[in-house]
Amino acid sequence: MIINYLTLSIILFCLGILGVISRRNVFTVFMSIELMLNAANLAFITFARLHVSMDGHVLAMLVIAVAAAEAALALAVVILLHKHKGVLDTNIFSLLKG
Amino acid sequence: MFEHIISSMIFLPIIAGLILLLTPVTKNGARAMALVVSVAVLILGLKLYTGFIGAGGMEFVENYVWFPSLGINYTLGVDGISLFILMAGTVLFPSIFLIFTTKSKGYYANLLIAQGAMAGAVCAGDLMLFYIFWEVMLLPIFFMIGLFGGEGKIAATLKITLYTIAGSLLMLAAIFYLGVAFHNQFGIWSFNIVNMAALKLHGTVAVLAFVGFMLAFAIKIPLFPFHTWLPDAYTEGPAAATFVLSAIMAKIGVYAVIRFVIPIFGAEFTRYALIMAYLGVIGMMYCGFAAIAQKDFKRMLAFSSASHMGIIALGLFCMNIQALTGSLFQIVAHATSTGALFLFAGILEERMQTRKIADLGGIAGRAPVFAMFFAIAMLASVGLPGTSGFIGEFLIILGAIKYNVAIGVLAGTSLIIGVCYMLWMFQRVFFEKSNERTEKFRDLSAAEVLAFLPILVLIIVMGIYPQPFIKKIEPAARIQINTILHNMQVADANALLQGTNLEK
Amino acid sequence: MFAEWLYFGLAALSVLGAIGLILFRHPMNGAMSFVVTLISLAGMYALLSAKLMFAVQLIVYAGAIMSLIVFIIMFLNIQESDLPEEKGRGLYLVGGVVVIAPIAMFLYKIVRTLPGGDTAIVGNGFGEVRNVGMILFKSWLLPFEIISVLLLVALIGAVVVAGKREVGK
Amino acid sequence: MEQTAHFYLGLIPLMPLIGAVLIGLMHVTTCRGHRFPDKLYAVLACIGPVLACIMAFQVFTILKTLPVEHRILVHKVFTWFSVGELNISMGFMADPLSSLMILFVTFIGSLIHIYSIGYMADDKTYAKFFGYMNLFLGSMLILVLGDGPVVMFVGWEGVGLCSYLLISYYNEDSSNVLAGNKAFIVNRIGDLGFVLGMAFLFWAIGAQGFDYISLKANAHLLPQATAMLVCLLLFVGATGKSAQIPLYVWLPDAMAGPTPVSALIHAATMVTAGVYMVARFSFLYVTVPDAGEIVAWIGILTALVSAIYGMFQDDIKKVLAYSTVSQLGYMFAGVGVAAYSAGIFHVFTHAFFKALLFLGAGSVIYAMHHEQNIWKMGGLKKKLPVTYLTMLVGALALSGCPPFSGFFSKDEILFSAFASGHKAIWAIGVLVAGMTAYYTFRMIFVVFHGEPHSKSSYDHAHEPPPVMTVPLVLLAIGALLAGFFNLPELFGGHQMVSSWLEPSVLDHHAHAEASTEWMVMGSSVLAFVIGFSIAYVKFAKGAQLPVFTGFAKFAYNKFYIDELYDMLFVQPYKSIGAIIWKDFDPNVTDGPRKAISWLYGAIGDAFRLVQTGYVRVYAIYMVIGLSLISLLISQTLN
């Protein structure tokens, strides 16, 4: 059933949000974002199946590409962060404080 | 070029100003270019003036569709009301470029843009077009005060900008309301001022829209109690910015009341005119009193200018032809006299490096020409007969007496109040003993004399032979007065009707 | 019927993997847990007749991206002491669930309004390399090219950001 | 013939004005470099007034040839401004009243100009002085010749301006400038009354034409209350210009200017403008006798008060200044009791003897090297014989000794007051006459008789050059003979001035028995004799600087009126200004703006607390927002 796939996508997406807002470890946060991307991908592919159109696949592929790019940059930032501060805490970024 | 004479007068300076900003011109080159452009505009203006018939309607009309879907047109035109404000700016601008020789490129470029935008605001025949020019003309002033102003320039810039923006945003909302109301009533979109007059407005929304317009103009004029930006902006601004603000921009507020508020919000205007008239006369007295307490001559002139604007505004609300014509005449007269005074103040500040009255004294002995010129402008400002200041003030007081005796008598006190602070300032700056600072005061140079001469000649000519000017103003004023009188009759008839209904 | 069971099995795995990702304190454990999710998702794709995406998910995501992440985690040699102290984690989690629940509910309500459809395997080359490729390079050419530029930028960016030698002196 | 007169009418005020502009331009263009010789300026300055004087004579003679009821010439030069029903022409009008006025204004003005050539000889800004003087005379001529109140107002303000410029002529000294400011501002207060009066008059009857002829024709349409209001407001203007209670305070201070200026202000121009204006508007004042009553009382009280001041002054010019205020009071008493021609006649005679006295005082001051205190002079009779004799003539005329001119004109006013039933005014008038005689001869005796008080300046004193003494002599002849122009029928005269003014002013002719006339005259002469005798007894043999106590001190300090005004008006004005500027404007008017900006700041501060800087927290906010929106929208879905 299509609806089950979409429900799963929702559950995974919400877990992703949960991960982002409740964890302070950069890696975990980063992977939670990946999780949300994957949830979106699942939705894309489900819809592709629903409409029997392959545009959803293409979009999912593009999302993976973006995820790859993001991974590359994000990991670079993490390395830098670790080198500088020796911590993996997201709370180290607090330049936005008003 | 001559069929688009108004457009040329608007865009020639704006384009020249932008070119100056974008190209690396030296400051002398910039000044020369600005002078040439403003003289070219002056020639165009004189051509416009001589070609102006003065039958009361719009002349030199240019009309092009701009946004057809919303009925916004590029409409320009002049009538007796706008002509003189346009001309005042046109005549006065070249003298700025003659007088201030040591400023930077941006100074001249901003002035040019301001000149063009003001011409646009005065000639616009479409509400949206007017709004655009209305906002554009603030920008150069913003930069001029912010970049070239005195010590408190940032605060002054913020104050003037926030005040005027607040007012004009309310006006924008009111313009939108008018557009929608017009569409609802007639089924087409239009922002044309002439069409708008046909609009019938009722109820609270109409009053709110009226307030939106009035607030924008009251801030610009400035009417008491919206004047508090003025002393700061006038004092901290560079001389030319103050000159532009006081001599022309404030007048556009008055002009806009006549052009927009009277035809569109006739009923509301007649209903609230008394309050406005009181605000005008209170503003006159209030600022006049504040002026005497000033220790800074530029700030004193600022208050004096605000005080005169109160009288000019009063003339608008007296609802008779004498006061309205007087007001319009006074617009030009005040532009020349106060404009000249601020230019003199600029020269004084530049040469003496001080704005304190107490630091000066005895300048009349050092610089008789300067003192004489200043005295003439000052006397025009206090409304001495034989100078331009008298005619307008006399007509306004006359009209005010007819409208409301109390207001008229209070307006009359401007004769006394003005003279008190002016003479006292004149005494402390020009008379008495000179000190080591004023010993070094250099009298006006030939170029400066040349720049001031047209202004002073205008002051005297307008005082001795004002009829040619009045002849061009009066028909347009009469149209407005007829609108008002018609509205009053309608209001009376309605009141009568309601009265009879109640009796039944 | 088999597909039905398979779906539930994979769904359970993927949710468990995701929960593990959130809960494990050490990122290495989280990453491993996440790989489980990714692989089960690949299974889901297969169930949805997305043959190419099934492969891509396994190779690129579970394979390339995750191994990159795991490599970095190992490269940094993360000790217990490097990990941030997360004292109120439980509280955050509970609060998060409370806050997110309406979102989930909302999304679920929307999803429910969709027409149902069956998920039987579609033939005719649906989701195969050739057909996806045809669409990708015909109607999605411009986005594809833009993505390629994006990847290039990310590559250079990563080199510039991570490659600063002088810092840390 | 009439054409020439029209031609002259426009030219008369123009002559001095052209002179002023010419001198002004020459002065301004050359003030930094090589200056024109002073002689050139002197000649230029005198040409204008003299030509104007000749033309005034021409106009007068032309007017005389016309039949009595047609003695009115109007020359409208151009439309000045016209808005709606308001039509103002720059027009000039000659009728018996204005032609008489311009006659002596230009004559005496010319003499003063000539005198100034000598008096101002060593002044640095010679040209400026003459420019102002010419402007002054021109303004006065506009005032007198204007064919309507608005044109009159031009001159009215013009003389105010010139008095300011000339009083503060020595502008390095701030007290002089303050005196000038005072003159201008006090005049402006009066001008406010004038303007308001004009406005009310215009809205009542001005629509058919706002010149004297139309106004006179329509005066009967004016409601009584409006007429009263207009008359009083116009009189406020007159009190400002002619220095009556309560606005007389500027005139004594106006002595700060050069002495010829004082002569010009006091004799020929400016101060007489108020009397002229009331006479000019006689067609209004006759309709409301109550207004006239007020005018008369204010006039006679001013006469009394300033005579009291005059008895205690020690500055020669101040004595004369208060005598002017006092004489002006007489004139207003005259016009107030509707004896307009008597009032104008006193203006006429007063112009001669007051110009004479001021110029004489100028000679004394000139001789004493700008010493003005009478107690430092004394015994100058021998050193300055011409000045002494001419001033004596002036003093006799001023104190109303028969047969000098002042006697006739003053007596006519007193007689009119008595005959029209204003016995109290008459009585005060006689008292003031005695006081006038006292303080005038007190001055004469202290200055010219007795022993010199300051030996050194006495030795240096010498008679001024003929350019100064000739005008003195001419004026002395005038002061002696002017009275005979209006010789009462009692002495076999024909009252030439009164009958000449007949068409212009609406005189109220009071008739009385010859015996009453003799009685009134006799009491005036008696008052003169008493005043003169007291002065003679006290001062003729020389006197020292007196010490004032009690009432005398009070009067010496002018009843502290200046201080009172300062306390009542000037200081409150300044403090209101200071309050507005320092307290009210920043806090009340600017209050809403400040409140709004404070509110923005407060809101900003509140929001700062939320900005923790942690990215995760921002994400939480986002999610919370999303969650709330979801909750909201979920309500609408099933």
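Quick notes on this one:
For clarity, chains are labelled A, B, C and D in written order, and residue numbers in each chain start from 1.
Throughout what follows, a contact is a pair of C-beta atoms (placed from the backbone, for glycine too) under 8 Å apart; a residue touches a chain by one contact, two chains touch by 3 or more.
Keep in mind that this is a model prediction, so the values were computed, not measured.
Chain centres were defined as the mean of their Cα atoms; on that basis the chain farthest from subunit B turns out to be C.
Here B is the chain whose Cα centre lies closest to the centre of all protein Cα atoms.
Counted by C-beta pairs in contact, the busier of A-C and B-D is A-C. Per-chain CA centroids place subunit A at a distance of 6 Å from subunit C.
Remark: subunit B and subunit D have CA centroids separated by 37 Å (rounded to whole angstrom).
In terms of their C-alpha centroids, the spacing between subunit C and subunit D amounts to 100 Å.
Subunit D has its Cα centroid 94 Å from the Cα centroid of subunit A. For subunit D, residues that reach two or more other chains under the stated contact definition are 620, 623.
Residues of subunit A in contact with two or more other chains: 17, 21, 24, 90-91.
In subunit C, the positions touching at least two other chains are 96, 99-100, 103, 107. Inter-chain contacts occur between A-C, A-D, B-D, C-D.
On subunit D, the positions that touch subunit B within their shared complex are 24, 27-28, 31-32, 78-84, 86, 90, 128, 150, 153-154, 156-158, 161, 164, 168, 171-174, 177-178, 180-181, 184-185, 188-189, 191-192, 195-196, 198-200, 202-203, 573-574, 576-578, 580-582, 585, 589-590, 593. Residue ranges of subunit D in contact with subunit A, taken from their complex: 607-608, 610-616, 618-620, 623. Partner subunit D is touched in their complex by these residues of subunit B: 159, 163, 224-225, 227-228, 286, 289-294, 320-322, 325-326, 362, 364-365, 368-369, 372, 379, 384-386, 390-391, 394-395, 397-398, 401-402, 408-409, 412-413, 415-416, 419-421, 423-424, 427, 430-433, 443, 464-467, 470, 474, 478. For subunit C in complex with subunit A, the residues that touch the partner chain are 7, 11, 14-15, 18-19, 21-22, 24-25, 27, 30-31, 34, 37-38, 41, 44-45, 48-50, 52-53, 56-57, 60-61, 64-65, 68-69, 72-73, 75-76, 78, 82-84, 86, 89, 92-93, 95-97, 99-100, 103-104, 107-108, 111-112, 114-119, 122, 126-127, 131-132, 135-136, 139-140, 143-144, 147, 150-151, 153-155, 157-159, 161-162, 164, 167-168. Partner subunit C is touched in their complex by these residues of subunit D: 620, 623-624, 626-628, 630-631, 633-634, 637-638.
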